[in-house]
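Should a chain be cited, it is by its letter among A, B, C and D, assigned in written order, with residues numbered from 1 in that chain.
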Amino acid sequence: MKISIIGASGYSGAELLNLLLGRRGIEIEKVFANSSAGKKVEEVYPFFRSRTDLTYEEYSAEKIRTSDVVFIALPSGEAMHIVPELLKTGKRVIDLGGDFRLKDASLYSRFYKRAHAAADILPKAVYGLPEWNTSAIASAHLLSNPGCYATSAILALVPVLKDNLIEATGIAVSSLSGVSGAGKNATLDYSFTELNESVRAYKVAVHQHTPEMKSVLENISRQNVSLTFVPHLIPITRGIYTTIYARPKKAFTKDEIIASFKKHYSNAPFVRFIGEAVPEIKHVNYTNFCDIGFKIDLENNLLIIMSVIDNLVKGAAGQAIQNMNIMFGMNETEGLL
Amino acid sequence: MKISIIGASGYSGAELLNLLLGRRGIEIEKVFANSSAGKKVEEVYPFFRSRTDLTYEEYSAEKIRTSDVVFIALPSGEAMHIVPELLKTGKRVIDLGGDFRLKDASLYSRFYKRAHAAADILPKAVYGLPEWNTSAIASAHLLSNPGCYATSAILALVPVLKDNLIEATGIAVSSLSGVSGAGKNATLDYSFTELNESVRAYKVAVHQHTPEMKSVLENISRQNVSLTFVPHLIPITRGIYTTIYARPKKAFTKDEIIASFKKHYSNAPFVRFIGEAVPEIKHVNYTNFCDIGFKIDLENNLLIIMSVIDNLVKGAAGQAIQNMNIMFGMNETEGLL
Amino acid sequence: MKISIIGASGYSGAELLNLLLGRRGIEIEKVFANSSAGKKVEEVYPFFRSRTDLTYEEYSAEKIRTSDVVFIALPSGEAMHIVPELLKTGKRVIDLGGDFRLKDASLYSRFYKRAHAAADILPKAVYGLPEWNTSAIASAHLLSNPGCYATSAILALVPVLKDNLIEATGIAVSSLSGVSGAGKNATLDYSFTELNESVRAYKVAVHQHTPEMKSVLENISRQNVSLTFVPHLIPITRGIYTTIYARPKKAFTKDEIIASFKKHYSNAPFVRFIGEAVPEIKHVNYTNFCDIGFKIDLENNLLIIMSVIDNLVKGAAGQAIQNMNIMFGMNETEGLL
Amino acid sequence: MKISIIGASGYSGAELLNLLLGRRGIEIEKVFANSSAGKKVEEVYPFFRSRTDLTYEEYSAEKIRTSDVVFIALPSGEAMHIVPELLKTGKRVIDLGGDFRLKDASLYSRFYKRAHAAADILPKAVYGLPEWNTSAIASAHLLSNPGCYATSAILALVPVLKDNLIEATGIAVSSLSGVSGAGKNATLDYSFTELNESVRAYKVAVHQHTPEMKSVLENISRQNVSLTFVPHLIPITRGIYTTIYARPKKAFTKDEIIASFKKHYSNAPFVRFIGEAVPEIKHVNYTNFCDIGFKIDLENNLLIIMSVIDNLVKGAAGQAIQNMNIMFGMNETEGLL
């Protein structure tokens, strides 16, 4: 099986390479990165020294000849310009960016601050959350890989929303993210000195993963959902910690919560429900796992759910490979354990 | 003016020393620390080399002769055993621990997991939040310095609760803290390797600052308040970031929020209300400031308030000195700017 | 093939597990850890949730029945008490600690501050630096895995010493280490707050890896070697950065240095000589690679060599597995790329 | 007394402001920063909220009217274009950059990679290392504040060089620096993700502080000095750790080393000689102190000296203020303790 990667010089692209290089049965045909065209991968990422001789090339669709699947790891706003042409070649496409996550082009333009250039193919895009969408993923031609924050929040909320345990309104999603989530950033705001030993919230209640969480949760739980999402940048490299505050729909016991998560995730190889234990980022970093725990605050009538992932693996490259495995009939966990 | 410190070898005690050494008109009579008795301060904290010749002594009340005020910076559970005797000497006492923050001894035993040994003097203790309690502080003999998390949450919530802008129930308080907040900790859980590049929530909905927040907010806003508090440990040394999610009581505009904060804090020298800007820990670290910002999420009907402090300064030693200044009729900001 | 691990609850033991779990053809028979006996591995390291059901047991030699090789990942000073008995069972042993690295028991007692309890078997121990000792490793029954600092320094120095390019005296080895190198440490000195945002040198010129470097370099280069070694603890979790200052034996060109390294390491799969480039810890972390670069300071007549490894992989568990691969006739890189 | 700052929006400029704001008897006339002209200081550094109303202005010499002294905190290469004009106004100038540290314009062009634009005034510049140059500093009109690395290395080496205890050749200076030393850096190389959990040496043996160390040491010790300097970037915000390896000139005892340092620094208020103790960055951060310790490695005939400073205080703004104090006949420690 052959694959190519467009946008292979960013952190998600590099993580894709890291996970795919050396995997039996996978051959990498092309790695595209316009900004690094002509450079060997190991020049940009010396981490790959002696592991690959691949050289970044400037992207053009014709250069991809034998790939069965093409990963796109470009910043949001770029994939929509190349996907229509790519799909015409018959290749299956997995987009790690945000361009095909929202079905509604007007929501896209509102949250991504630009018009959508390929609104007509939005209906074709399959949202690649394997725990909830396996069969559609299996036959997808255009797969849209979920956002990192969205992955952590949706996996934590779906069971209790679907089982009608919590109110679908007034949900507060508070996330902490490592800095790699912002991609390669040559700006003062993302310099070491500005971020170290500090914390800042950003895009408070206007982050582009908010409508993604809302619409996916509505689709799966079949009800209107309203939630506020506040992401915070913290001085670590990898990892997302999401803490969710939701009001119970009725009095419930912790056993009902446990039963709900167990029912929905007993067959999900990458979701580890840990009951009333508290998850930690270090338990999932460099893996494709999502750990989910909860606490009930009886006195104040709130359910607290905590969920952690590695933003570059389950939040990006790992989940993309999990999707690829499903699309091509392989074992979902192949190359990820 | 003379002062003594009991428990001067912990991080809050060291910060007290750092802020008081070299301040004109302040003389330090005694520094007590049973675990370091006989050692010079600079042996335990080489940071103080050449700044002081003080030596830690084993505590006994009689050794304090000329101090006008005694700071207690012991772990919670210890001050209650020595305060009754100390008060009899007529000295004014400022306790930085948790023993005198709750008026209700049964709440204390529930959240601090031990019986209160001096429940009879709880009514005498004055809660030292200078922004809301100045006149009582001025005449206090036993002053209880607020908890670090409590300081950040209470300062952020009082204006909008008092002005009836938000519902007093279902409030979610999500805090991130630097590790110095846990004090000197010779345990694996607080070792560098276990905390670095990770995050963990702890004491979810059962932290001892929860009843402190609740009771102080109820006292000041004169209504029942229910809130959930989730603290998270993040890999920084100093600083607390508190993000609060609350439901509006009625439709309000951002101008009403701004007016509320401005009205209450225009004369508070250490609260910097920054409107719809986002606070960052680095803006307040090593200072006694609390920065507070907010956002309204109209669509989801939630008010988000963010507040930051340095847990060792405004959250401990700095606030204690601010209280001392008020108690002794000095300028509130003396030695703190 | 079956393996067991003694001391499997420390960081090196956990890294061994991480590298061996799921490797085809490897079965783990027993994991011993007296301090965690009775606990599942995933209780001590939730990182392993859903990856293994192994339970730590209290160690006794008889419990190991079918293992072909036994890894010992105990703190130095413990292996010497159990290795003699283990060897009698005929099992091959790989010790990751320091007990069998020095051939001279008096050096051991001087630097490790205790008498050696099994001095008689020191001659049998094979020093497991695969790049320089392959054939002895292949037939070893007792393999002593090199120290982390020693690995980084020896790999950097051997070529130029062996080729007589530098003076064998007055060499200065300056190393920086991540905190995981100190093992699990429930002491104040290794707490987050004490190490973060700081640096400290320790065991200056008396670290126990000094005689290891010296004796191994003398053995391989067949000359007396004298070197000073200063380790520094820096606030990162993993990685060692070693910078070496050595005086040229004669005038040499950079091409001679390049030729020396290339000659000696062209067949070493885990040494990446990068010429006059500067290595960085992030390029080797989570891998078994050692990256080595150099600069000549003509004006001041010094050669500077820089070498980096991940202390838990090439500096411990990874190198131990590389040695196991060689001992059992497998490909040296099996399970490590 | 009035002061102005040119280049007040960089880290050193901000630290100057932090140290000078609120100091009795000091008034700040102007803060210049072309890139931030028109912005209030608190917009660029919210840390200063409520502490100052100053606004950055575009620089022109005529705007400075009443200042007694002008600090220049511009990147190297800019001060040389404005100092000649400034000096003509009669104002005393303290330059924190590198333009006037080397007396030899050809050395400047070699290490700073540009021609010197004001070579004719190089002879007038006084090197501002207060511990060794007090009287010249007192009467200086153009004061050149030492480099951060240079400060830590020179203070550590002068006593033993001057007292002929070590060889003046073959000295190796190995330094670790926090990232703020690189200034405000909007480049990928200085982004959080690229620096965190890693280390890299840079400008190996070609750093511009090398000729500064060499020439200052030669001037003070009156002999030729040759040294190699290797700086390493480590993931902390502030602080420099310098470890020096030098060969003894003759057999000496530790008492001779101790005597040498004590003799030279007994009256230096900001140098804390700590004998055979090991310095740590956290003991000096946010202070103007330089802590110096040493070890003798008898067996290998090397003296190891370790020295630590805060690069933004003793390595920049603090030392500049110490120099100002001396230039204007104030107590050297004024505003710095």
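In the analysis below, a contact is a pair of C-beta atoms (placed from the backbone, for glycine too) under 8 Å apart; a residue touches a chain by one contact, two chains touch by 3 or more.
What you are looking at is a predicted structure, and each value in this text was computed from that prediction instead of being measured.
Colleague: Taking CA centroids for every chain, report which one is farthest away from chain B.
Modeller: Farthest from chain B by mean C-alpha position: C.
Colleague: Counting C-beta pairs in contact, does B-D beat C-D or the other way around?
Modeller: Answer by contact count: C-D.
Colleague: Using CA atom averages as chain centres, what separation in Å is found between chain B and chain D?
Modeller: Averaging C-alpha atoms per chain gives centres 37 Å apart.
Colleague: I'd like the Å distance between the centres of chain C and chain D, where a centre is the mean of that chain's Cα atoms.
Modeller: Once rounded, the distance between the two centres reads 39 Å.
Colleague: Which residues of chain C are in contact with two or more other chains?
Modeller: If we look for residues of chain C contacting two or more partner chains, we find 194, 197, 235-237, 280, 282.
Colleague: Under the touch definition given earlier, write down the residues of chain C that touch chain D in their complex.
Modeller: It comes out as residues 169-170, 172, 174, 176, 178, 194, 197-202, 204-205, 226-228, 230, 232, 234-239, 241, 243, 245, 247, 278-282, 285, 295-297, 299-302, 304, 306, 308.
Colleague: Note which residues of chain D are touching chain B in the complex, please.
Modeller: 22, 46-47, 49-51, 197, 269, 272, 274, 277, 280, 282-284, 286-287, 289, 291, 337
Colleague: In their complex, what parts of chain A are in touch with chain D?
Modeller: Touch residues, chain A against chain D: 11, 179-180, 184-188, 190-197, 235-237.
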